[in-house]
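Dropping a structure here in structure tokens format, bear with me for questions.
Letters A, B, C and D mark the chains as written, and numbering starts fresh at 1 in each.
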Amino acid sequence: MAEEAWGKWGKEDERGALNYIGADEVRRAGKLVKTGKVISLAQPLSPETPVPNHRGPMQHFMQRDGGDYAAGGKRPGGFQFAEDTVVMALQFGTHIDALCHAWHDDKLYNGFSSHGTRSTTRAARCGVEKMGPIVTRGLLLDVLDDGKPLARGAPVTRAVLEQAATRSGVSVECGDVVLIRTGWIETMLADPHYYDGEPGIDVEAGRWLADKGVAVIGSDNFAIEHIPFPKDTVFPVHQLVIRGYGIPLLEGLVLAPLAAAGATEFLFVAGPLPFVGGTGSPLMPIAIL
Amino acid sequence: MAEEAWGKWGKEDERGALNYIGADEVRRAGKLVKTGKVISLAQPLSPETPVPNHRGPMQHFMQRDGGDYAAGGKRPGGFQFAEDTVVMALQFGTHIDALCHAWHDDKLYNGFSSHGTRSTTRAARCGVEKMGPIVTRGLLLDVLDDGKPLARGAPVTRAVLEQAATRSGVSVECGDVVLIRTGWIETMLADPHYYDGEPGIDVEAGRWLADKGVAVIGSDNFAIEHIPFPKDTVFPVHQLVIRGYGIPLLEGLVLAPLAAAGATEFLFVAGPLPFVGGTGSPLMPIAIL
Amino acid sequence: MAEEAWGKWGKEDERGALNYIGADEVRRAGKLVKTGKVISLAQPLSPETPVPNHRGPMQHFMQRDGGDYAAGGKRPGGFQFAEDTVVMALQFGTHIDALCHAWHDDKLYNGFSSHGTRSTTRAARCGVEKMGPIVTRGLLLDVLDDGKPLARGAPVTRAVLEQAATRSGVSVECGDVVLIRTGWIETMLADPHYYDGEPGIDVEAGRWLADKGVAVIGSDNFAIEHIPFPKDTVFPVHQLVIRGYGIPLLEGLVLAPLAAAGATEFLFVAGPLPFVGGTGSPLMPIAIL
Amino acid sequence: MAEEAWGKWGKEDERGALNYIGADEVRRAGKLVKTGKVISLAQPLSPETPVPNHRGPMQHFMQRDGGDYAAGGKRPGGFQFAEDTVVMALQFGTHIDALCHAWHDDKLYNGFSSHGTRSTTRAARCGVEKMGPIVTRGLLLDVLDDGKPLARGAPVTRAVLEQAATRSGVSVECGDVVLIRTGWIETMLADPHYYDGEPGIDVEAGRWLADKGVAVIGSDNFAIEHIPFPKDTVFPVHQLVIRGYGIPLLEGLVLAPLAAAGATEFLFVAGPLPFVGGTGSPLMPIAIL
């Protein structure tokens, strides 16, 4: 695996493929607003939202609530209010992986040392706060198999993506956010085996998207790529596209409503929360049709 | 204080003034994308981000990081990754207040009982997950005093808002998100007295905006309204606009870059994280010019 | 269920049966130190420690660690250190239930209103910080069935407790901490069904112990009493002994090493962490033989 | 600084000076129970408990409480209960430092690599779960200056400790827990400058105690040793006694009640919570007179 996009936007760049999105791409995307329909691509977030075994579930606590007042809490000037706190992994629910999330050989995207990511400093380089807002054209590539969800482990190949694009009458272009619908989340989210494997893109599909200059790759599974991995590899798509090409990944998307609306291209907007040194962020990606 | 908008969108409505935004408003806003410039209105989020005294600061922990590998952690197939967890109030940094956040007389917006908001259930009604994506026209009303930030406690009146709109050549319309710039956050965020008071709108300004049909009111302070409050009142604007009119509030906005760009109206997009039963959500509101 | 011990130690008392322990009881217990053997009765605490479904697991994060230095962190004057933070329910692992933990009819032990226990105040009355150190005679009542663990749901009756005491040559006296060994924790802790039910004392056994004046009841299960409960009751032992008699409960004890040492009576010491307004505390109870 | 006690209890030893406590020391200590008076040496723990700047404060959340029922929560079979969760640094309030807490040259006590302490594994060696119960003779060395608290930065020397022992008629012996009272916590805990420095033992006093074979050193300050440190050193006592001698430290003790009771020697009992891989533990140390 090479360092495909290292240095492409300068030695200090921490934004990677998001640099493909310039004012032209934003204006082009703005013109896609036609019906005025707006669709959230985010899962609801709660202690019941599934998490992989190695992460703790979200916890959500009320610090002040209606029960306080019911039990006699004071309401100065009549005022009552509620507030709450969460404990939450940043790779939770519908979220984006920052470029510091995955790497190999102790080097992140663009050659930054992974030694800058540690308990005390968090990610000194390529943290999620470096991403900024994401506003560009979104494409939906629906790769369901005759309307049926793909099976666990099924690879989504370059050919499959090309066929989906042809069916939709769109072509993948530089600066696009490409959203790949496998049907996995609707089929499996409620299943205890949701995280045991998934359909998703393979390395060549990842490379094809990357070479097209996509800004972000998203999918309705938990890790973009098919699992089990090909023999003797571990998260090869993550390694290639995040580290090599500097492409952030959008995981856990809810894409069925977008497909149901017949959307193929649209204005895509997402605002990763700027956690300083964070490895990712839960967010609500939005499609505007 | 009356129940101005209760029942307006049906007895079961939990979205309040966001209902003013329909497909027409979205399409109209989409047409405001002209230069392709994109601006985040969000503060960075870190353990150093100021919080009011009654809330704990954010905590941000690495669960796996570059230090693990530096210290000899295994990297199966060469793969290395980092992940992290936060402890965070939902009313933190740049955030939106859901309609369950403030009320009086044990009744939330639209008459829902505040008894439904408690430790075990969180907010059964008007939680932040009911809001959905916010996509509409944004207006910047810059009320700085000859370029100088307003002083602590200074009320922003209806007349001041009207003059600002006139200066900008815009008029507040139904479905708009109105962002009011006081200069407070730039002047005071680093000051230990940031939360001790602030300039902000008064009740009549709030009512004027509400009667115009604005969908959301935002500002670059921590609580929208001027503090100290008028004598014998406590958060009167919160009580009026959140509970009476069903208008969510956007607090802690960073508006200086928007002002510097000369923006007056723009496509506004925000995606509140859908925490089930949450009283609000940190988010990254986005202005697209 | 009556209010057996209400008022017994005054209207303001929040310590309940711990009041049975006076200087005499401590001195008597001190004399039980004979062999000098010391045994911890606590489970190890980690993210893997089982928790009931309605609670989140413990999370344990390093804030600074050896990985930081391995990755280049500064070591002023050569000094290196590590520190960490946990997210943890107070009813976790081996823990004590404070008197505010369980009640009915909106009244805690001694008639305090349960309205004083809420999100903002935590427990205003009978919190774990009111308990103080527990130092007294401990008795082990081993109720295994011919050396075999009791089955889920098996009630431990008064007769069974009396027989166990007889076998051990001890008699339950005022101020004792009584520890009941069922074998449940060793048999089931690693089983996903650990929390689905358990053997434990029944109401009459609880009343018998309470009438003897025991200061604390402990067991090697998760809730002291047998589950499933008798028909049409819910945690009847909790309701009786915590609320009626003011007796704290010690749950999740590890008693096999104590049994293996042949201990029957011993100096018992436990220090509940004084969380202000907490409903309980993980702790390390100690038997000194 | 040498490795004074490395290898003394074998190459795999992780308990250090706690090994000095054997059955004889426990029995000897048991005989010190005379009056039956029991004293907690622990601070109350709450979100208001002071923490150093680099750590977050404790947070304490109710998950179920009396407010729930006041607001209409169900009480099956009449049963009501409350539970709660804390977010808490393990070096919080009155706590013990495990042997993995401080080191230099990438080597912990007994030569274990500090690389075993990292985000994913926590402390593989010398974690607090390796300590077990602490039961031995406690000595109070009261070093107040004519009844006045020592000043910030004041070193407590070997001579001062020897004089205090002489005054009390005790001599420091192998296996003792030595508690040094400076008056700092009562004077300063409520002061915002509590953590800016403190009186405490110097290196030679630490070495003298260590060479006597003490099992634990405790004090009523936050870091045992005097701060500011001697020129060009950083936590020299921590480095010497924790790493070199394998002696755990007890910090944040409340010793005034013990002094008020006229205690000089007593049965000391403490149960560090066995957090697997933890760097320390809040606890309630107990003196039994």
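The rule is short, and it goes like this: a residue touches a chain if its C-beta (ideal position, glycine included) is under 8 Å from a C-beta of that chain, and two chains touch if they have at least 3 such contacts.
Remember, it's a predicted structure, so these values are computed and weren't measured experimentally.
Annotation of subunit A and subunit D: jointly contacted by B, C, touch as defined at the top.
Where subunit A touches subunit B, the two copies mostly use the same residue numbers: shared numbers make up over half of all numbers in play.
Chain pairs B-D and B-C differ in how many C-beta pairs they share in contact, with the greater number at B-D. Taking CA atoms, the transformation carrying subunit C onto subunit D includes a rotation by 180°, reported to the nearest 5. Chain centres here are Cα means. That of subunit A falls 24 Å from that of subunit B. The mean-CA centres of subunit B and subunit C are about 45 angstrom from one another, to the nearest whole unit. Residues of subunit B in contact with two or more other chains: 56, 59, 61-63, 65-68, 70-73, 85, 87, 114-119. In the complex of the two chains, the subunit D residues touching subunit B come out as 47, 56-57, 59, 62-65, 67-68, 71-73, 87, 114-121. The touching residues of subunit B, when paired with subunit A in their complex, are 22-27, 29-31, 33-40, 42-46, 55-56, 60-63, 65-67, 69-70, 75-91, 100-106, 113-119, 122-123, 129, 132-133, 135, 229, 232-236, 238-239, 267, 269-280, 282-286, 288.
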